[in-house]
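Remarks on the structure that follows.
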Amino acid sequence: MKLGMGLVGPGFIAAHHLDAVRRLGNVEVVGIAGSSLESATKRARELNAGRGYADYHELLADPAVHVVHNTTPNHLHREVSLAALRAGKHVISDKPLAATMEEARELYEAARAANLAHVVTFNYRGYPLVQQARAMIGKGKIGPAVFVHGCYLQDWLTDERAYTWRLDPKLGGASSALGDIGSHWCDLAEHVTGARITAVLADLHTVVPVREVPATSAKAFTGKATKGTQKRKITSEDLATVLLRFDNGARGCVTVGQVLPGHKNDLRLEVNGREASLAWRQEQPNELWIGHHAKPNKVLTRDPALLDPAARAYAHLPAGHPEAWADAFRNVIADAYAWIQGGAKPKAKPIALPTFADGYRNSLVVDAMLKSHAAGGLWQPV
Amino acid sequence: MKLGMGLVGPGFIAAHHLDAVRRLGNVEVVGIAGSSLESATKRARELNAGRGYADYHELLADPAVHVVHNTTPNHLHREVSLAALRAGKHVISDKPLAATMEEARELYEAARAANLAHVVTFNYRGYPLVQQARAMIGKGKIGPAVFVHGCYLQDWLTDERAYTWRLDPKLGGASSALGDIGSHWCDLAEHVTGARITAVLADLHTVVPVREVPATSAKAFTGKATKGTQKRKITSEDLATVLLRFDNGARGCVTVGQVLPGHKNDLRLEVNGREASLAWRQEQPNELWIGHHAKPNKVLTRDPALLDPAARAYAHLPAGHPEAWADAFRNVIADAYAWIQGGAKPKAKPIALPTFADGYRNSLVVDAMLKSHAAGGLWQPV
Amino acid sequence: MKLGMGLVGPGFIAAHHLDAVRRLGNVEVVGIAGSSLESATKRARELNAGRGYADYHELLADPAVHVVHNTTPNHLHREVSLAALRAGKHVISDKPLAATMEEARELYEAARAANLAHVVTFNYRGYPLVQQARAMIGKGKIGPAVFVHGCYLQDWLTDERAYTWRLDPKLGGASSALGDIGSHWCDLAEHVTGARITAVLADLHTVVPVREVPATSAKAFTGKATKGTQKRKITSEDLATVLLRFDNGARGCVTVGQVLPGHKNDLRLEVNGREASLAWRQEQPNELWIGHHAKPNKVLTRDPALLDPAARAYAHLPAGHPEAWADAFRNVIADAYAWIQGGAKPKAKPIALPTFADGYRNSLVVDAMLKSHAAGGLWQPV
Amino acid sequence: MKLGMGLVGPGFIAAHHLDAVRRLGNVEVVGIAGSSLESATKRARELNAGRGYADYHELLADPAVHVVHNTTPNHLHREVSLAALRAGKHVISDKPLAATMEEARELYEAARAANLAHVVTFNYRGYPLVQQARAMIGKGKIGPAVFVHGCYLQDWLTDERAYTWRLDPKLGGASSALGDIGSHWCDLAEHVTGARITAVLADLHTVVPVREVPATSAKAFTGKATKGTQKRKITSEDLATVLLRFDNGARGCVTVGQVLPGHKNDLRLEVNGREASLAWRQEQPNELWIGHHAKPNKVLTRDPALLDPAARAYAHLPAGHPEAWADAFRNVIADAYAWIQGGAKPKAKPIALPTFADGYRNSLVVDAMLKSHAAGGLWQPV
């Protein structure tokens, strides 16, 4: 039987959820819900995405929909995901799971109780070389990890005329850069190392404290000035550096920023072990750097023939035929639907697949960062 | 109305045709034909690809199929494509268009006469930065082109136990490396520069003159030894360098090889103009190097905000979110179906879309290379 | 008149001081002093470095010596430099200026009072593209700096059998990695930005807490095991991350480590301004990355024709002819001797030349880092 | 005893000869000869290079001069080198050895008969990783070589207002780009592989057929327009591609050009063997890429601890402390003086040191290229 999918929140990222789902070949796109029947129907046509619904309640009531993709703005995540779970739908939610740590826990508990699949799109896990790094570390190939570091740097908020609802605490949550992209890095660091962040010390900063905001809120990733702008004071951070401690004794550090010219989506993760180092860059995702002390460094290409079996399943093309963002996203969605097809039993969850448990976990980490900064830069346990 | 697609030849590349078609969202995968009903049905199930047909004749007779993807081995291209055109189907054929230049012309003429869409998958055209390079050159941004050079290097035939039907002139055509991958480079060079290769001087070589061949012919991209191998003399080239002359006065050079350790799918194209240079690598497809004489060189990222309008339509993600092989392939297939949806009128063909005209053109170029080499390395007009 | 130079402390780095001095063409290498007349004479012969002295006192008493290079181990810096100043010699000292902040101040004050040239070899300032970055920032080319970050990573202490006197607080000072290489990074960050670090928050760690130490102390940069080793507890840090605040409002972060496999001498500095970013790597010193938000990033090669006049004087070869570590070192030494030739007047000091003032300043910064860590990771003013 | 060196031809490159010689520490710079006593004296002062001579005859007559560096323009190489040999001086000559193949043979034979050291500055041999590549290939680490390819690309002649005496056949020889820089590549290819080029097929082109020439001939590497220019027809090539055959059965290809925007001094050499590949770039000289078919590729850093003993002697700094052009040049000069110190016996010649034999050999290769092109692009034996 083909599973039916419905999507709530047809913004920028919705098209990529649809794209990933279509590539599976065994999922039916049933329809989408937005702010009105009219707009949803129009968008459904644009995206070849089935029918439009008047609102998400109507979508949830449709028995043809088995899986709900929640791509609403952050402040609606909780409401829509909870309603979907109550309606007996499997849920694939964009990150962050919810606007606060408390809501994240509520969602995680609701999902666990519901015996339904619950997925959060920490999509960078879907890169084959991310899984390769995880497999190598898990098998002791780099020795005990001693340092975990990196960054997630962007520049799309450089211009003070750029604005996004993510900067409004009411819509995007208390944190901006950390919640939006730092969260991805933290999930990746924990997933790849298999270790947990136990304490953080955060230094947050708002480089652009006043922005010109258009009358109607701009979409993400557009920096165009519109007529009728107004100045708005910004309180969320657009730059942050956080010191980290992990439960395996490793130290760490990550810098997150969205106002750093020239960096587009520059997520980097490096793990230094006692025997070797691994480094991976999202913008060059087909290469894994392997650093050695007393022999030449290596560059492992995403070559299925050279990958660990745990990573090989995420690679679809021969070496040298690069895979990228959409392929990694598809891998996460494929894992989700494979889990659902098999009954969504907790024990059968694909190891790489991020769930509401990870989403909740992530909110604890980001929350600790905010607390650390609020305390003036003190170590804060997670 | 949804167009229906059928596929003939369910090998390695078939899955990627299906993937590209599915991402369009408005095409129905009707079914596939292979060597038997049983194998086709089995493969159709594996690939979520509709029904299986007993043979390609049955597929062509199905009125639900509007577009035929021809992914058969090279020596069957002509037969299947011709039959499809006669059956009134639009045809999307893998390259090379046919086994010989004469067959290629026959196909091109048949397609032109049929008033049907005819497409050859020179898929590297689908990369946004390839279109960017084409647009920049077309608009004079680098001045008159003076040198066009590059390579297409692989290593999967390095091991003498690796074998593929492409090395058998009866199945793969007279040329191996040039026909298989050199053809891609030549198409790209002409497409990007807007100039035509007018003469070639080729130096071909067979680095591995004897291979261990399994009883049953190995699939492409596998180098595993099988029981019951036998030695086979190889006459097709696995390494070639070709000097080029273009109709705009530019000189050129390309090296093609499949036995060069460490190179996976290393296609590089550089065009030097009087004002600037452009260089692009398929393995790092999100970067276009722009070389200058008296100012700093630039690295143009695949950033939709910075692309020429002609290239922007081929980019689907914000800067820093890399796109890759499958995304480029999808772009070519999307252009093909857009053309078909609009009636497949010659004048409406998307500029970037490669057709049987290009496939025929390409066979002329490769044929001239073989002639040049056969003559002992003399300049051969195309 | 040719200036005469004498060198005290003929270890690893001595050869590079001699090399730099020789390249000037107008300095006479008079001789060297070590631990005995015999060893100094032997080493002088090996290095073609004039005569050997019985001890540094004898060298300082030689009127043919005008400039003293102090390349002794850290714990002897103060004693030798002070004696040289008292003997009326110009002093070029390796960093750190002295073992403690108090000694550093003493030296700085002594040098200032003596009306002699006083130089500390923060040699990375001598790279042409470091001067280019400084010039660009000084002229406002990147707008106000908002973030200054980077690292200085090595791996030569990865092996627990590696040992150096730098790890012994009595010989190397309280700090190891920070004092040894972090100091270089801090000097560079302040020099390039023209801003001062006003506060630090440091997290130090000793990854390898026990080392096998040879009976006789190993030289730097050798990790060979020797007969007759013994275990020694290590208290100095071999890994550190420090958060920074600058007097222009910029934030910063630096990681320093000497146990990170694959990193050889990986000093990186990036400065993000409101208009553009600059990034430089010591291991690829002929390239300066210029990041932009709304136009393509650039890679500025060390091309004399494209450099700021302030940087051009430090470039000696045409573009594409790489310059490197020894050339940068020579530039610092050349500035020092040019200053000395001109009378060593304070106002005539070449801007790029690091003096005892910078050495003292640097000791304040490193000292604040140690205090911050000792306090459990609190912000510490410099 | 200190050897005395004298230099004839105090242009751009002279300063680098002096620099290399000074770094040896045991050579005395005696003086230089140019076009007049006045100019030589002035230049000697500028360069701290001893005394000026009225002409090269006077320099050769000075018994204090043991070694003559011939850095005159190409058309004077023969005359000066022959006179130096006749005067009993060891000779270090810039390449090309002479203006024609016949003259090159004459010089080679004169040098051999004279029992004096004879060196040609194919300086790229002096890079440690070039010697590493040579050692690895010699020891069979990459298996039999099958393809040798690369380029030497520059852009300093891009502007039609750039001019150099190298473009005038009477002063620079019949060939421009090939003789000037292609010669370096050919020497390197033969030296690194230990194989000889046996046949060539060359395609030469003059991209800029007319140049604006200043009244007084411009120095190399300056492209400034001067008052009173005149148009001059250019017949020498500024772009060339050459197919190669080696005596070990390997094929090859090299492109040489000086009008390709963005390429500064872009010499690249790659050797593909049956077991592995090696690739080296002059602009990133501290990295050697090692390509593998069935395991990850490596990047060997110039790390003395990892180098072959034959290469280690050419590395002077620890890994990560980059060495570059001047260091490689010094290595060649150091080998030359070590040979001379030891009596310049033919059997004692350092293996890496290029001699007049290599210079003559090189002229044969370039001459064959010119002949091949003149014949319309036919294979020409060397």
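A, B, C and D label the chains in the order they appear, each numbered from 1.
In this section, a contact is a pair of C-beta atoms (placed from the backbone, for glycine too) under 8 Å apart; a residue touches a chain by one contact, two chains touch by 3 or more.
As the structure is a prediction and not an experimental result, all values here were calculated from the model.
Asks: Using mean Cα positions as chain centres, tell me which chain lies farthest from subunit C.
Replies: B
Asks: With respect to inter-chain C-beta contacts, which pair, A-C or B-C, contains the greater number?
Replies: The greater number of contacts lies at A-C.
Asks: How many Å are there between the centre of subunit A and the centre of subunit B, using C-alpha atoms for each centre?
Replies: Here the centre of subunit B sits 35 Å away from the centre of subunit A.
Asks: For subunit A and subunit C, let me know how many angstrom lie between their CA-based centres, rounded off.
Replies: Distance between chain centres: 42 Å.
Asks: For subunit B and subunit C, let me know how many angstrom lie between their CA-based centres, rounded off.
Replies: 54
Asks: Multi-chain contacts in subunit A: which residues touch at least two other chains?
Replies: 156, 263, 290, 294, 297, 301, in rising order.
Asks: Which residues, counting only subunit C, touch subunit B once they are in their complex?
Replies: Touching subunit B: residues 290, 294-301, 305-306 of subunit C.
Asks: Could you pull out which subunit C residues touch subunit D in their complex?
Replies: Checking each residue of subunit C against subunit D gives 16, 18-19, 22-26, 29, 47-49, 154, 156, 221, 263-266, 282-286, 301, 303, 316-327.
Asks: In the complex formed with subunit B, which residues of subunit D make contact?
Replies: Residue positions touching the partner: 142, 146-147, 149, 155-156, 158-159, 201, 203, 205, 207, 223, 239, 241, 243, 251, 253, 255, 257, 259-263, 272-277, 289-294, 297, 376-379.
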